[in-house]
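Scrolling down, you'll hit the structures one after another.
Look for subunit A in each of the two complexes below; its partner is subunit B in the first and subunit C in the second.
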Partner chain A sequence: MTYGTTVPHPAPEHGRPPRPGGTDAGLPRLLPAHGAVPVDLRTHLDRYGAPPYLGQAGRLIPVLKAAGLTGRGGAAFPVHRKLAAVAHAGTRPVVIGNGAEGEPASDKDKSLLWISPHLVLDGLQLAAEAVGSATVGLYLHRHPRLQDRLRSAVAQRAAAGLDQAMVEIIDAPPRFLAGEESALASRVNGGPAMPRFKPPMVFERGVVGRPTLVQNVETLAHLALIARFGAAWFRAAGTAAEPGSMLCTLHQADGRRDVLETGLGTPLHSLLALDGQVQAVLSGGYHGAWLPAADAARMTLSNVDLQPAGAFVGAGVLVALPADCCGIAEAARVARFLALESAGQCGPCFNGLPRIAAAMDEIARPRPDPRAVTDMFRWAALVQGRGACHHPDGSVRFIRSALHVFRDEITNHGQGRCVDPARRPFLPLPAGTALSAADWS
Partner chain B sequence: MTKQLRVDPTICSGHGLCAELLPELITLDEWGYPIVADGPVPRSLDRHVRRAVTDCPVLALRLLPAS
Partner chain C sequence: MNGITQSTALWYASRATGVVSLLLLTGVTLLGVLVNRQGRLPGLPRFAVTGLHRNLSLLGVLFVAVHVITAVADPYVTIGLAAAVIPFASPYKPLWLGLGAISLDVVLALILTSLARARMNRRLWRAVHWLAYLAWGSALVHSLTSSTDLHQGVLLYLAIGCALAVAGSVIWRISQAGRELPREERAAATLDMMSPRSVRAPARRGPREHIR
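Moving on to the complex of A and B:
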């Protein structure tokens, strides 16, 4: 696995921005350019110095607004608005860094936490100061090596007197939805990591009923750099509408899988090899959408380009599907996964998703029952907008886009043919069978 | 203040009483779970709406400020 672009990182220089406003906009910013060598505290301090506390709550918020930073966990919500909402929602807010990357096709948060933990931890402290919080946590999957590394990073920082608030590490169960904000709040409260009905929003009432700021770990790392180098520096990468850079997990058609940091607005064809060997691109992961490869080749990594086509940037998962792969069979595998990852709380979701998955299995067979497609669209309409979280909506978005983009393959199946009768799996999914209901905490 | 009806789907267990008490705004899907009409609740239905909300066996029906 490689990390970052080939642009060399500037020589460590205390507190100086990496290449401000240069042609490469100082990329990569979050991960070192050369391989996956983790950055220890000394190297981090040599490069960036101590976190630049501002001495007062609220001061960082206008800077984040000017920078135009949005959440990198997938929803792209403006960070300054979330911070302002938490800061004004009441007393004693809670701040949680969200590192529970549940998307099987995404590696970027794990990579960032492993390689640049101190940028994330700086961001957590600075976000806590910005909203006036002394209760801070980091929510991580039960990955012993990663947790040990973060625990020791937190201990080293405490010993060096760098942190204003103590950081508690909280276990996330290995579920697709464990990182959903209200599921996170429930887990931190000692319950199962299952989403709940909103309102109240988590920023109003989250952990122990207090206003709670939940930010993705990559968002926190960007925040830590904006606090040092300012809004203009951040905007040297990206576009005016979608500023800055983001981490992407790239899945090439030849099977290579990399994490790469790039500016928003980068042409998709410069991230993925989109030649005749690629039929379609998945953007936004398993709650995202498929695009025909020819369309994707004309688009950039931006919601301005992707949203009119029904897709979005999300958490930066981009997959190039090889031409000799059956898109319908792949979508059916993911539909099964999504059905099994339903929390099983909401009637439309736990009734609808397994039926949709079964219909997808039928459509993936040779000469499927033609009623399967009609049934599927009816069930898709029935589950949409009727969950406590966006799992049904995201699942339906993924499946509908598959049926549209791979419609020629559906015709093929109707005639008893398939582009890949051998059905070699391509999209990454967790190995083994589904976890039991007990595995939510 | 205008209000809207919403179901907390994590609590709703599909008794279907709401659809009997308030067929003007609530129908049931093929699994027996309520589909609530979008938009603000008409004043004329106030009494029936309150009845549906208070009579839900699991208190899953909510009257919330219209968003």
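Moving on to the complex of A and C:
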């Protein structure tokens, strides 16, 4: 077993960094080396001590810049730039940890929150100090056990006097777009978790009109470790252009699903078993892109490699699609999901994506109408860049890459054949869709 | 009529492009109301209505530009380039030409804000876009008052038709308010419309597909 958190690794000594250097660069950093046992506050304090407050706003920002930490929620935006923008906005800012993992194929934020909640909460406090904020929240899906665990962690920390700001836990609806920054701000403001047009950016005007720092929970955990061990330690993993490590959710072709922490720049073939039984790899989740398995086998987990191929690292979702699975049928299922997850605000999105989904359904059928593919490309061009958020763009990227990578399967369907007549679903999708306003809040 | 001579060509061009501009602006206004209410045109997908609204507006600006330039260049009356954009600055018919200048200014603001829409505050864009009604209204009054072309015959009926169409669309818009589908139901409704098969239970595929 080479996956998961069971990589053999010496337990670090008290207050010392998990050993940097070497081939594993001190990995895993965020999840404990042995098993998925949740880290309680005592163990956390034994290992890392109290959060290293710097006593003044702004001091952490150059350290984060030197570390080159980027957002781990998917957009890979440089963390120091967002912090600097919020810190210098002039009004008292708000800081929210974003744990809304709407991507059905991603488990990494839930795993991190469950296993290492105190790293996330340390990061939240340190980020709040860095931007001079006393208003701090944690945005989590309505998962009762996870929320209870975080609530009790927050209470324990408060009792131990570890936190400078009180952390409020805010409910996120179970929607794909709930974690989008402006949707988050709207939800925290008491509205529906729907995105709005930018500008103004959320870091300029977010929660109650104040500059709001929204950071993914994994980003905050990395931040907490960088504050302790420094930029050079962080850079011991990853590449010079994309430093550090990240949590990935790996879906193997045999159906196994694991969360693994790995350095950026790790070859994809060492993360996913890419043998003859795999036809394609999905990188970046349902707003990401498909790659032929042979191409993916030559790439590393880095935007330098993936972006020229139209994909990206995103939030670390990697799926190996088995060879006996119909890529078009799978893409059609996801297209339908993406269409129904439209917030229904922007015409090109709520009109265009269902059309595209219906056309995908058409070409997933035997002997489809040959016009469906050309229709789809036409509609894809019409919806791209036309939304308040990137939902249309991400959905189109996913569909286009599927049409390209699974083009042989489209030909197959034209002749009335399919690689998987039984159509066993492979990609994970939730059961329900939004039908009422309550589903968005 | 003595036919078009060199001295009257600009005058005729200005009058003709003015009439076409009014028609185009009316069309753009009607399409704008349709876009706003997410209405449809027979045979066109919804976003094609948006595309038509955009492209027709650019065509309209082109005609307005020719209309203004020929009017300024026409030596028969002295308008001046400044008066084309500064309302009520024209020595000739200051009030009626001023309305045209207002219309031109607003149309330019609409085009510029729409080109920069991705990079600007949406509320501001919306606020500016409300002025479209002002642009159309002042253009209509300007057309009826600056020239006598629209006072009789076919052109009179055309002007009345434009006024009725926009008035009708405004009434339709008001009557439609509050009748639109809630946001959270829109995508599902479109999907329902697109595929007759059951769509609300997502991603359920059964053996009924009979692919082999």
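Going forward, the second predicted complex is superposed on the first by the 424 of 441 C-alpha atoms of A that agree within 3 Å, B and C clash if a C-alpha of one lies under 4 Å from a C-alpha of the other, contacts with A are read in each partner's own complex, and residues count from 1 in each chain.
Rule of thumb we're sticking to: contacts are C-beta pairs under 8 Å (C-beta built on N, C-alpha and C of every residue); 3 or more make two chains touch, one makes a residue touch a chain.
No experiment lies behind these values; they were computed from the predicted model shown.
On the shared subunit subunit A, the superposed partners subunit B and subunit C overlap sterically.
When the shared chain is aligned, subunit B and subunit C each come close enough to touch A:R196.
In the superposition on chain A, A:G132 contacts neither subunit B nor subunit C.
By the document's definition of touching, of the two partners only subunit C reaches A:S342; subunit B does not. With both structures placed on the common chain, the touch criterion links A:G387 to subunit B but leaves subunit C unconnected. When the two complexes are superposed, the chain touching more residues of subunit A, out of subunit B and subunit C, is C. Of the two partner chains, subunit C is the only one that A:A358 touches; subunit B does not reach it. In the superposition on chain A, A:W440 makes contact with subunit C only, while subunit B stays out of contact range.
Applying the stated contact rule after C-alpha superposition, one finds that A:R333 touches subunit C and leaves subunit B untouched.
Once the complexes are superposed on chain A, the part of subunit C occupying the same space as subunit B corresponds, among 112-120, 148-156, 166-174 or 184-192, to 112-120.
Of the residues of subunit A, those at positions 194, 196-197, 199, 345, 347-349, 351-352, 382, 386, 388 touch subunit B in one of the two structures and subunit C in the other. Here subunit A touches subunit B in the complex through residues 194-197, 199, 345-349, 351-352, 382, 386-388, going by the rule given at the top. For subunit B in complex with subunit A, the touching residues are 8-14, 29-33, 35, 64. On subunit A, the positions that touch subunit C within their shared complex are 192, 194, 196-197, 199-200, 329, 333-334, 336-337, 339-345, 347-355, 357-358, 361, 364-366, 379, 382-383, 385-386, 388, 413, 416-418, 421-423, 425, 429, 431, 433-437, 439-440.
Those residues of subunit C whose C-beta lies close enough to touch subunit A in the complex are 35, 38, 45-47, 50-51, 118-122, 181-188, 190-191, 193-195, 197, 199-203, 205, 207, 209-212.
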